[in-house]
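By letter and in written order, the chains are A, B, C and D; residue numbering begins at 1 in each of them.
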């Protein structure tokens, strides 16, 4: 009888923990979300600052403490999620399950590898912790609508990507032919020239690769202007898609016109 | 009786000053607005030119005169606003009240601090005067509509910001892993790499940080193209919001369709 | 009688010349337009190539011939326009009248000034001929629609300009405070810092002025992201305006709905 | 009789090959498309890597083998297309027919020219193979819609191009006048200055040509801000065109309103 009650209590506890961790409507759930977001932000900041030489030298021990504090916190969160999840395996293999695991695992592994392993592995593990920022995606409301807009425009965006790439490949090859033989050129290979073409068409324009010949300047000018006109198309496309989505939405919530039976007018 | 009349006269004066300063429909109010805008523009220009070494050396005394002229003008304006405002305290604590105070205060403080205080404080105070430009926001019509559009798209813009930041953090970390160990690299830390990612994704592309390895060029190309596609989304979002706003507006001003009783068709 | 006929003939000639020069529907008018466009393009190209040292040295005499050929052509065109225009004075003082005059005048003046005048005046006159390109604006169809879209969005574009400028002034001042005291800084004055801010916000990013401090990098990142979000607004504004224009247009051409008497549904 | 059957069999074979090569609905046709796309991608990659010195030195013989493998494959594809096409001449003279021919021809020609011909011709032929990427355009679905959007906005895009070019010519000339006489200037000629203007207006901003004088900075700032406002217009234009297209589309698929007989409401 006592055992039964205990099982029940555990169940209720499990239920309550689940509500706090997975839902955001209750005050406790909200608080949990906010604290978690702060922890993620601070731990990402700590990993970032670890790579700044002057900062690392000064606050080496503080960074180590912070690192272990957040690792233990995220481990606890991961275990709690596993425990109270109704389908633990499904959670563990889901995108956010993997991200949650990767948020704490690297720190433990570096501990075991410490002396023995090579520098490269440790470096990857240290940087993997930056992916904790992905945990945040969990908590951003409204991302849904934007994702839908992107997904619906998927086909057109793919075409657009393809078009830019093909244009950049052709333009890059032409630029390589024009500038490739000039002394001291930065157009040392076709991949480099395609890099130049993409950097120009998208209006980034670093300036690390620049033309030297008059013909190169002329072709670049044509290329930029053409690329500039291409901006207009994808913008229009996504807008159209979002509007279509809005129209459909309003269509579902209004009744049909009684005089003609048609929707959406 | 005479006193009463005087009070009345003061009240009428107060009323008239209030109309001139706070309203813009009357000719006097319009003139006041235009003169004030010119004064703001000229005083901001003066502070700007003060930092240009060659100009400062030549016109040192003229700049001092101009500075005090505008300070006294803005002080007078501030006091008049305080005096004729119906709720002086509310004005003084409002955004524009603080801006108005900050427009004249720094000059007086630098006078008192002259010899004693350190250079840093004086420098802040001198630069604070540049914020006079905010006084202009008061007088721009139509800003209301744009602000509304921005405020209504607030949630979506926040999501978009978050997405860019998360993308930049991940991309920056990957770039740091690729380029961080190359000799003479500019990717000296993760914050620097994130700076590179943001400068690239937003198509600014200063060119102070550039890749050196072939893999870095490849990843940068992918990153830029992805970032370029992201432009399309926020643009579409705000357009949609502005249109929704327009639709609602027209909805309020037209009657319901007599044949079906529905609005907006 | 013979005189009367002659007057009539002159009138008819005037009429015909007017049709050729000012209208574009007749075959002769179309031909005139095309020839003129080619002449403008070629003369602008000639002035451009005149400033390229290696080209000027080689083809000095050819350029001189081309210059005089086009000058005489444009002079003839200007005189014809003056002669056959119904209101010569109005044409001479109109925008395109002044442009037409400026297209031929500079060459004559440089002839008279040849030996005597200073280099600077001749240089201005030589470059003034580049403004011949404005003659082209006359012949571009469809420019009307775009101009209307711009004019209708005028108020909102002004607000947007103002907002960017104010933002750039504030951001530039902050950047000047942060970077102005660093050794070897490019932020030598507030105008220079505002130039940096505008180049960054508009995503141009030359890279001639770049930050050096960590704080500067952080503020620049914030500034760029904010500026990037601002792009979305003007785009949406003009789109909305163009659509409103389209809606009104279609409103004028369709009848009112007979069942409800309302337009535009 | 046997001969007749053979002819029939050939016909059926021709029919089947035609279905595989020209259509994409059947499983075999789909497989053919995917294999071809992979081949195109890999062959383009091979030509690209050939220009990277370090790669060429290491894998010289592998690249030669790959080159001949793809050339023979594309030759076979070209011959098959010619053979089974109903109108071989029309295919051979079509855009994709020429592209298909150019995909295999250059390799054969370089074989014959090997020792004798100059370097320049071989170089062009080698680079011509990069145009194989155009074969891909054949297989991109959805490109149709975007092309239509662009074609429908053709007139307005032309106007926009013209406007940018005219603006850049004027701005470039002014910049040349301001910066052309400064020592160590990059504004060595008007074409160079126009290049600067276009790079600035389109927000590319390489930074290879930058201003040095205060006046130049001021004019550049004005130029950039104006160019920035121009982005808004073409974007709005294409969006409007795409929407008009959508409206018309829905018009065709819905019946007229029975109460008023009008379409599209």
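Note that in this section a residue touches a chain if its C-beta (ideal position, glycine included) is under 8 Å from a C-beta of that chain, and two chains touch if they have at least 3 such contacts.
Everything quoted here is computed from the prediction, not taken from an experiment.
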- prompt: What is the shortest path, in steps, from chain A to chain D when you may only step between chains that touch?
  reply: 1
Message: If I list every residue number at the interface of chain C and chain D, are over half of them used by both copies, so same, or under half, so different?
response: different
Option in B-D, A-C or A-D whose residue-number contact pairs overlap A-B by over half: A-D
Message: For the interfaces B-C and A-C, which has the higher count of C-beta pairs in contact?
response: B-C
Statement: Expressed in whole Å, how far the mean CA point of chain A lies from that of chain C is 42
Centre-of-Cα separation between chain C and chain B, whole angstrom: 30
- line: Touching at least 2 other chains, the residues of chain A are 52, 160, 191, 194, 203-207, 214, 231, 235, 237, 239, 243, 259, 265
- prompt: How about chain C: which of its residues touch chain A in the complex?
  reply: 52, 203, 205-207, 214, 235, 239, 259, 265
- request: Would you tell me which residues of chain B are touching chain C in their complex?
  value: 44, 47-49, 51-53, 123-124, 127, 130-131, 133-134, 136-137, 140-143, 145-146, 149-150, 153, 157, 160-161, 164-165, 191-192, 194-195, 198-199, 202-208, 231, 234-235, 237-239, 241-243, 246, 254-255, 257-260, 265
- line: The answer for chain C against chain B in the complex is residues 155-156, 158-160, 162-163, 166, 169-170, 173, 176-177, 180, 188-191, 194, 200, 203-207, 210, 214, 217-218, 220-221, 224-225, 227-229, 231-233, 235-237, 239-240, 243-244, 259-262, 265
